[in-house]
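Here the chain labels run A, B and C in written order, and each chain numbers its own residues starting at 1.
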Amino acid sequence: MAKEVFMPKLSSTMQVGTVLQWFKEEGDSVEVGEPLFEIMTDKINIEVESYEEGILLKRYYDVDDEAPVNAVVGYIGEVGEEVPNTPPEVAGEKAEEDESAEPSVNVITDSSNDTSLVEEVADENGGKVRATPAARRVARENDVSLSLVSGSGPRGRVHEQDVVMYIDRNKVIVTPLAEKIAKEYDVDLSQVTGSGSRGKIEKADVLAFIESQKAASSSVAPATGERVKLKGLRKAVADKMVESVRTIPHVTLTSDVDMTKVIEVRKALLPVIEGQTGYRLSYTEIIMKTVAHVLGNHPKVNASLVEDEIVYNNDVNIGLAVAVENGLIVPSVEKANQKGLAELTEVSKTLGAKARDNKLTPNEMKGSTFTISNLGMYAIDGFTPIINPPETAILGVGRIVEKPVVVDGSVEVRPMMVLSLSFDHRAIDGAPAAAFLTEVKESLEDPYSLLV
Amino acid sequence: MKKMNVPIKITDDKLVDLYKEMWLIRYFDEKVDEFFAKGMIHGTTHLAVGQEASASGVCALLDVEDKITSTHRGHGHCIAKGATADKMMAELFGRTTGYCKGKGGSMHIADVDMGNLGANGIVAGGIPLAVGSALTAQMKKQKYVTVCFFGDGATNEGSFHEAVNLASIWDLPVVFVCENNQYGMSGPVKDMVNVEDIATRAQAYGIPGVVADGNDIVEMMNVTDEAVERARKGEGPTLIEAKTYRWKGHSKSDAKKYRTREEEKEWRAKDPIKRFKSQLVESGLLTEEKAEEIRLAAKKEIEDAVKFAEESPMPTLDDLLTDVYA
Amino acid sequence: MMREITYLEAVREAMSQEMRKNDDVFILGEDIGVYGGAFGVTRGMIEEFGPERVRNTPISEAGIAGAAVGSALTGMRPILELQFSDFITIALDQIVNQAAKIRYMYGGKGKVPMVVRTPSGSGTGAAAQHSQSLEAWVTHIPGLKVIQPSTAYDAKGLLKAAMDDDNPVIFYEHKLLYKTSSDVPEEQYSIPLGQADVKRKGTDVTVVATAIMVHRALEAAAELEKEGISIEVIDPRTLVPLDEETIVKSVSKTGRVVVVHEAVKRGGYGGEIASMIAESEAFDYLDAPIKRLGGAPSPVPYHPELEKAHAPQVPDIIKAIKETLNKA
């Protein structure tokens, strides 16, 4: 089985590498650790050593060509093995990972102390990572998440050597002095860009980083006023928001919805549901019912992004953003597409009450695949909701307000509502997101279609 | 006055001592029976009440250097070979002062220094050991004799036949004493052995086989004397069959469905201790008063043994792994 | 003074030298007299030591085993030759229920210094009842020690240690090794029980092999060396006590281990060694699953090719090693 040769990611900022020269011709034999080609990055020139042994079967990039990080630039294998004529897709877009595939190199060493990752990460089968005790030990000692390491053994089993190679490739090179300073100032070295050879982090780099952080924080800090420490739920919300905004390329689409018929439906069903459940049906539930139903037709929007995998969820679990004191909580309404309006009303109202009383169980707060955030009780029309990861989309609901609209050529006053859909552009493209929002709008304008 | 017909080396004093010893054996087992019934000692035990004459009669002829191997029903053999009731009771109580430091229990009481090579939980397990012990005596040209106790059930084990044959072909100084108490656990000997006397099995191995009344200590002493002398002279082994009866069940919780109460009554009438007392009184070696005094002294000794056992220390968990290897 | 003698001669020499020195040592067994033993190990000994000390016995494994135990308990140091290790089945009551337990049952009084020497293993065409390797049975019994020498040198030194030991020791001789030879000192020497021998040093994979498998593992190692694979071969020599340290150290170094014995793999001693490794500090160095090789789960067959297939052979060992290296 031929092994891919990748364009390595050599710094946190590197996006592409330029091939400066090849040290091997197609047909040459290559040893592990032998220089294979030289590249230029945004910072340095470096020789890339081979992780494989065999014959260099294919080179896809010539000298001076640019290749994106992680791109397959060639193949090493045995004489006579067939390889594609054009470079395959960059790893991560492939439907199925080859069991002997090279580790994806566009990830930096996880420097967090989250050891649970090492133990509990899921492999492609949803089980645990197959790794030998020795590989686990080395990963543990070096704080490496095994899920990031590709195994060379049978059925992807990670061996010690795989972890060692992974560490070598992803090592943050740092001078002792720089490391010391980083430690003193509590600087995460993986955030620092090195200016030395091979991206080595030097004292000046760390100091510059510290200065830039200071500047950033001082520019927003008010001179006077009450100061409240960011902690507890507020801190959790803050962290989650930052993570979402920092990692997810958000795009927000908006659409006006004519709510005439929804209002009719609510009027008709309110007494019925109140009689059955004791709870009053609100627009939120009707929107939820509609969204859940439409999500069933748009699995791409009902997706989660976990590590480097898009998970198309089987269930439609709707997260309901609930404002509580000092924060925001998102309980999950499970399998909302399988519930009738009466049940949705009862569940939503119960969860909302529990959220405000701080009585939600952890189970009730997890598993949502799509979130609805309703600000319709305020004088808000449209907004840009922030995605609740690992979900990949969120629907913001504005107020219902009477507006003049053109219906069949004449201006009429209709109860209108703006829907704002934010989606994760890594997982969802514009067109499918737009198609989804359009169907939600149309379903709300003709809610009887839900009965079909 | 009727002079008792006993071997020359058995003195009058020895006879009186033997009377006490038989009571010690009886009271020891009766006490153990009581403690088991009360749940004061655990595991299992096998009582030889009613069989005292063979243990005491045989061992009366042995010196300290002589050896015995015993059986699961072996408390009497131990006492007869010189074991003291206190250390035996301590063993049954699982105390460190017991013969096996509380690690052997009822079925494994041994006192190698006193020539007791051990009781045995395996039926016929001790017979080849006795032959090995006799082999040592022969090879080292030592004068000791090894007496091997076993029951009627053991004579159906292969080990018995193999061992008796070895002893016979090598002329080893061993005396095989089969205490035929009529039952191998529940199996009546008449159903399990198709010869009238187990002693006739000796013929198959070319050694003498002798039948004796196992409830008559005097007869036991006499047949043993002859067998021991034969062994000491290097003339080889003898098989003695002591016909006797165990009054109690095989071990605890035995409903004794395999025999009748009438049969038990008949055998109880042949009580070996009462019989020996009559002989001693008739021969003028003992008065009734003296006999009663001895009986009470034996009883007291067992009470003292219980006290000793109860006051002795328990083993610690550290003892679990000691003495696995020498 | 070193000279090359066979494994069989080494066993005989160890016994004879000890018997000259110590009158308490004697040997008993079936056909060990003028016949010289089924495999000729005691040939010439009855002439030197006489029929008392080279004691030809009836075919009575239970009886002679018990006689050995009884004589050991009373001051002798017997060596019992069981003609084929398969026959230990008949002697096991005496070995397992008596010899192994006497000292413990008696609260530390008495000892049973005896050696049971017995030839085991297949490869002679003797089929199911004369070819077994049942050593795992006795390793399971606290109170017994178990030895499996693989060379003439080890046989002599280990037998001396066994005869000096105050416990019952089961000494397994491999029939196919009787004719193999190695340099053996003329004088007496003792190899401590519980000391494994690194028969070959290596870095990539540890092979723990016993008896004849030591030789097959060494052959496999020589083959693999040509491919640049470096094998460390460890011969535990004594199964009880087991030199865990040497094995753990080696596996910690190589991260890969194959355990190989001739005994049927299921319930074999290899399982004990593998478990010991998995429980040890070597666990965190394991870079491949522990591999076990052992006999097939069938009686040893008569047909030569089937018999060969029953036990691990050199190619099987090579294959297992490569599997641990993901190179199979």
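The working rule: a contact is a pair of C-beta atoms (placed from the backbone, for glycine too) under 8 Å apart; a residue touches a chain by one contact, two chains touch by 3 or more.
For each chain, UniProt lists the protein as follows: B = Pyruvate dehydrogenase.
Quick caveat: nothing in here was measured; it's all calculated off a predicted structure.
Viewed as a network of touching protein chains, the structure reduces to a simple linear path. Each chain gets a centre from its C-alpha atoms; the one nearest the centre of all protein C-alpha atoms is C. Interface comparison, A-C versus B-C: the higher count of C-beta contacts falls to B-C. Chain centres here are Cα averages; for subunit A and subunit B they lie 85 Å apart. The distance from the centre of subunit A to the centre of subunit C, each centre being the mean of the chain's C-alpha atoms, comes to 61 Å.
With centres set at the average Cα position, the gap from subunit B to subunit C is 41 Å. Within the complex, the subunit C residues that touch subunit A are 255, 283-289, 326. Residues 67, 69, 98-104, 108, 110-113, 117-118, 120-122, 125, 127-137, 139-140, 158-159, 162-163, 165-166, 169, 322-326 of subunit B touch subunit C in their complex.
For subunit A in complex with subunit C, the touching residues are 132-137, 152-154, 159-161. Within the complex formed with subunit B, the residues of subunit C that make contact are 24, 26, 52-53, 57-58, 60, 62-76, 78, 93-94, 97-98, 102-113, 142-143, 145, 166-167.
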